[in-house]
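Just so it is clear, A, B, C, D, E and F label the chains in written order, and each chain counts residues from 1 on its own.
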Amino acid sequence: MARFERLLITGAAGALGSVLREGLAPLATTLRLTDRADLAAAGPHEEVMPAELGDFDRIMEVVAGCDAVVHFGAAPVERPWEEILESSIKGGYNVYEAARRHGVKRIVYASSIHAVGYVRREEGADTDTPHRPDTLYGVSKCFVEDLAKMYWHKFGIESALLRINSCFPEPVDRRHLATWMSHRDLVQLVTRCLTAESIGHTVVYGISDNRERFFSNEKVRHLGYVPQDSAEVHRARVEAACAPGDPADPAVAFAGGVFCTMGHPDD
Amino acid sequence: MARFERLLITGAAGALGSVLREGLAPLATTLRLTDRADLAAAGPHEEVMPAELGDFDRIMEVVAGCDAVVHFGAAPVERPWEEILESSIKGGYNVYEAARRHGVKRIVYASSIHAVGYVRREEGADTDTPHRPDTLYGVSKCFVEDLAKMYWHKFGIESALLRINSCFPEPVDRRHLATWMSHRDLVQLVTRCLTAESIGHTVVYGISDNRERFFSNEKVRHLGYVPQDSAEVHRARVEAACAPGDPADPAVAFAGGVFCTMGHPDD
Amino acid sequence: MARFERLLITGAAGALGSVLREGLAPLATTLRLTDRADLAAAGPHEEVMPAELGDFDRIMEVVAGCDAVVHFGAAPVERPWEEILESSIKGGYNVYEAARRHGVKRIVYASSIHAVGYVRREEGADTDTPHRPDTLYGVSKCFVEDLAKMYWHKFGIESALLRINSCFPEPVDRRHLATWMSHRDLVQLVTRCLTAESIGHTVVYGISDNRERFFSNEKVRHLGYVPQDSAEVHRARVEAACAPGDPADPAVAFAGGVFCTMGHPDD
Amino acid sequence: MARFERLLITGAAGALGSVLREGLAPLATTLRLTDRADLAAAGPHEEVMPAELGDFDRIMEVVAGCDAVVHFGAAPVERPWEEILESSIKGGYNVYEAARRHGVKRIVYASSIHAVGYVRREEGADTDTPHRPDTLYGVSKCFVEDLAKMYWHKFGIESALLRINSCFPEPVDRRHLATWMSHRDLVQLVTRCLTAESIGHTVVYGISDNRERFFSNEKVRHLGYVPQDSAEVHRARVEAACAPGDPADPAVAFAGGVFCTMGHPDD
Amino acid sequence: MARFERLLITGAAGALGSVLREGLAPLATTLRLTDRADLAAAGPHEEVMPAELGDFDRIMEVVAGCDAVVHFGAAPVERPWEEILESSIKGGYNVYEAARRHGVKRIVYASSIHAVGYVRREEGADTDTPHRPDTLYGVSKCFVEDLAKMYWHKFGIESALLRINSCFPEPVDRRHLATWMSHRDLVQLVTRCLTAESIGHTVVYGISDNRERFFSNEKVRHLGYVPQDSAEVHRARVEAACAPGDPADPAVAFAGGVFCTMGHPDD
Amino acid sequence: MARFERLLITGAAGALGSVLREGLAPLATTLRLTDRADLAAAGPHEEVMPAELGDFDRIMEVVAGCDAVVHFGAAPVERPWEEILESSIKGGYNVYEAARRHGVKRIVYASSIHAVGYVRREEGADTDTPHRPDTLYGVSKCFVEDLAKMYWHKFGIESALLRINSCFPEPVDRRHLATWMSHRDLVQLVTRCLTAESIGHTVVYGISDNRERFFSNEKVRHLGYVPQDSAEVHRARVEAACAPGDPADPAVAFAGGVFCTMGHPDD
């Protein structure tokens, strides 16, 4: 039985948005989908509403009538500042403020490992670790995490902030053996964040049950997230395909990987 | 082979005491049982000694000759102050002091989640978290935990303080999906607390291996408690029977549940 | 100008109560004084109401009409359990519950160093350190601290819990060089606890500005307590009068001093 | 002798900027001043360059040739989102990015108590406490703090982030008795942040040596900031002028004061 | 496929060294083995180089041409100071310094539970717990851990410091039910430490997946160490063979076991 | 009146030893002095016993009959390994073991800032911070700190470990403005460590009351160490004489200063 009357997914045309479009369908009578990119035709129980995240008036229309928001829209990697500003920062604000005006009480947000990318692998982090962003992209994720905290304390809107590590169909490099999250586990995690009875402002790492990992979800067991997949089954293939890295390379030493060796996007 | 010559269970006629009466039988040559309520006839290897916990002289008789005490007697829920005072506070003192006088070296005590009931779900707690009681009942549990600490530091009496979450045959509401403890796991936990070689003053949460949970036992792995049951197998039934709660309701937001919305017992 | 219409001091005939009777006079239009011991005649702006702390009905009368309570009544040192129970535990409950029924919104309580007496000197403690009581007396102080926390979370009654170290006219032994609190500093501390704008549930150590000390008030600077006296000016006299202690003696090694070597009061 | 060849102050026409314009003059051969508001004529050793913080090209011109930046420009209180976005977020980015392109190695930024405004008074915070913003204004301060951390880890630009509490000529309300910072202490703090040999990414609270305070600078003693003023000398006047607050009012209970009771700026 | 051209094992004739001689063979084209004791003839893909650890010149020869070092040589239990000094302290230095001179970039070292032996069982420890050695042997392990930290910070040589608990073919006493590490898990752990992409300076506890345990590896999940064995399968035999210990005995109360009751080796 | 019958100072001919020879004279009936270097003739109440720290039999003679030991002997800066080993490591062991055999109950040891030299200035450290040595010299200081901990836990010998920062007649460079300790404060600190009633195993930073500092003694207030001097009075002279450092230079960024940029002593 559907838990929500109308559930909004932003960024629904993206790689992860598409996964959620399918995976979250059982949760809602109607799934409302939005993106700037083409979303194809609405399926049964779907509504499609194209929108730019930076357009507040349009986002107000998109959020109207929704019970909860799964906010996965925004630049998915490091991009020039203007793009980060428009899609991630303005977009993040627009979604939270529209949610407040329409009385939405819970938001699940696609934050990122890059909010704490400058954590060293052996140092590790848990869900209380302060921000250590590795890019403008990472800074924009920190911004929405903090914005969410303010909307929680001041306006009582609950949020789950998912520091997604590496969510792909399969791990593709050695770092992914620690950071990979399967699509199935993503769907489970978002589902748990939407249906757990009380979440307040919860930060959680988006990772599968990998043998190696850099981050601990020990403090967020209230979500009931129990990943079912593991990068371990892909180890042989990945190790055969990729040479070991150099631990003196920041892209290896830090959890954020190559984001830690990128320069400024304008360089 | 029995580990104890004579093991005392207080509150042995209660819901959990009855479970332990059966479950702990293999541990002792003789199980001594006490309660204010009817205990029925003593079975083989059992001794029945009715008593009021608030009666020190009687408790002295009851504790005499025992190797260890499983102290589960006292008001099991919020009650008027006089009752809490008599059964939990005076009763707790009487048991510890009688144990000291008779040379008993270890006590397992039924503390409660309500000693930390005002912990928010998403905030969580581990076994070092300071007290945050939610009722007079919870305050009385804190009292015995602290009393036990004094008897440990001053008199060398070891204690395990079990912050039992929700120990019922089956979970009955959505909160129990996180807080449930099976009877089988209770028996295991008490057994481990009685037989672990060295426990000093150990606080442990009484929960099964639930998918969701609010408390961490990570710091008390020395007990070797590995729960075998999980509330998860009851999820479908419970979710069908109980509507989701409102996260703005303190009974949902705080770990202590409805105890956090109760007024004073005299109101 | 008086801050309170009517301020209640319990234990007003005691050593510290007498100090406060004089020192807090400027804070209130009327100072109501209660004790089981003789309080002499009421002075100007004073009301005298003899009472047993263990008598709830009488405490209800005593608290009626007061704006705030300075609760210094109860056994001032280790005593037999019945006395601790009656004056400290029942008395503590009676004061808090009477305060709740009469709408009193703030209580200042004379807790004690003996709530954490089993802290080693070199280990130290701050205001977040969990309880480590050294006597039944210390356990009763822990009880009221926890009771106060429950009345804060559930009923919104603010409390300051003063872990008074050694409050005497002058330091009398070497340990006091670290634990002494002058009467003047006591008056300041209680005054600050009564007048600070927001205190919630605040634990604070009652010590003067001694050169040596075991406890840190770094986390409770919101009270604005800045001690003016120091045990240091008494050092020469004290050291001449008292031989150095043996660090292997628990009375020297632990902050609680001789309370840590006392047996049970019935022994 | 001047430490800097050319030191830039943004927001130099503002209340604090004007204080720094005078106070930092001895540190630099040339003080470059920028603001959107009128800066009056350049004095000796001054350069005046009007600019909008949101205009990247202009900020590039303004930063060119400077050794260090004191970034005090931006909306000084809660404002509508568009204004926060333009002056604080875009302005913050523009200053950091221009600094990077021009090889500036240190920035002192006027962050705010409102980055952690939802800290309760009795809970307190130190310089490691995670963000808890109380307004859009506070969120924008968190943004620049995080941006600065990324520019430190990735590009080696040092920053001091000053969580200024209440910097006015004199304290004007009771909360200021804890949060006040004198103009003289502000000048000292900024001077120390500019001249301390190594600061990396340092968060520091901007407060005078007040008797009451909510925040601890214990962890940032490497700056050598030792405030010389105290709100205490203003206590009598302030307490006479302002009635005590209600601790149940969020504006009293939380460090952020009235910012914690403001709604959204568009409401 | 071999990961290392030439891998050195010191102490290769010892109980654990022999296990690694077999277990690590797949990792290296050539396994170089050294010990003061007889190593028997070199097998295929093996090189045997007898050496005293205290002889720097010889250790230089032994380390030459190796890619990584598994340093398990040194006194394996408490021994007179001269022996600890020679084999563990001088030997430890010699290995690290030879590694530096020959450009070796990673060392796996057999540290010990006895570096933290004075941790109480119920207190527990994780990988950040400061040293608490229980013997000269334990102090020498602390020395190499600190030496390794210096070689990491100053010279960029990575180290894994394995605080091996009780690595035997099978558990032989009740304490081992918590501290046992199987040979198979040892091989896995060393393998992971050698092949994990980035380890910096990582302390890890060498224990199997025992039901009871005193130490947490929660913070070193980046190693990907997932033990496959458990002491639990040996419980019945061990408990039948060994009487329960006395919790008042330091050999039971502390993690270090009988090392905590040993006197000085010269006594 | 003298506190000790016979107090031993090792390294008494060194720079700091000479200061203590004079400064500690009032504490003891007889001051026994030892060093490998010339100590000149014994003054009144002095005994001179030349010795090599590495010679155990001689150290046994030197320690015989002493009440307490102030162990300041050993290489005072980075030196080749053989010298560190002989004077610091063997010397440290010899002093502790001789103290044990002769029943000495307290030792004050000259540890060093270089035990934690790789702490960044803005990161700071307190007395619980784990070791982070910057040289072989620093590693040897860590060794004695750990050795002292073992002698405390196992044999009940108390130790104060003084992480002396920069103890010179006057500060000579800019880093000293944070790290300087005056000779007068050194004498006070050692005196307090010798006479405080109970110290167990206490680590304390040896610094004066400097405006800038990298380390906190907040947790060791039980010693009663209150420095009287400050580097601040030397600031003008020092800043005039020394150019500011580059924060990107490890000798500036890390607390250990130039020790952090030294290579190996053999290079």
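We adopt the following convention: a contact is a pair of C-beta atoms (placed from the backbone, for glycine too) under 8 Å apart; a residue touches a chain by one contact, two chains touch by 3 or more.
No experiment lies behind these values; they were computed from the predicted model shown.
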Next on the checklist: On the document's contact criterion, could you list the chains that touch chain C and likewise touch chain D?
Outcome noted: F
Item to check | Fitted rotation between chain C and its twin chain F in degrees, CA, nearest 5 | outcome: 120
Next on the checklist: Given that chain D and chain F are copies of one sequence and touch, is their interface built from the same residue numbers on both sides (over half shared) or different ones?
Outcome noted: different
Checklist entry - Roughly how many whole angstrom separate the Cα centroids of chain A and chain F? => result 52
Next on the checklist: Roughly how far is chain B from chain C, centre to centre by C-alpha average, rounded to an integer in Å?
Outcome noted: 32
Checklist entry - Residues of chain D that touch two or more other chains: which are they? => result 218
Next on the checklist: Going by the touch definition at the top, which pairs of chains touch each other?
Outcome noted: A-B, A-D, A-E, B-C, B-E, C-D, C-F, D-F, E-F
Checklist entry - For chain B, which residues are in contact with chain E within the complex? => result 3, 105-106, 156, 158, 195-202, 218-224, 226
Item to check | For the chain A and chain D complex, residues of the former touching the latter | outcome: 81, 85, 89-90, 93, 97, 100, 118, 128, 130-136, 138-139, 142-143, 146-147, 149-150, 153-155, 260, 263-264, 266
Checklist entry - Can you name the residues of chain E that touch chain B in the complex? => result 120-124, 174-175, 177-178, 210-214, 216, 218, 244-245, 247-248, 252-253
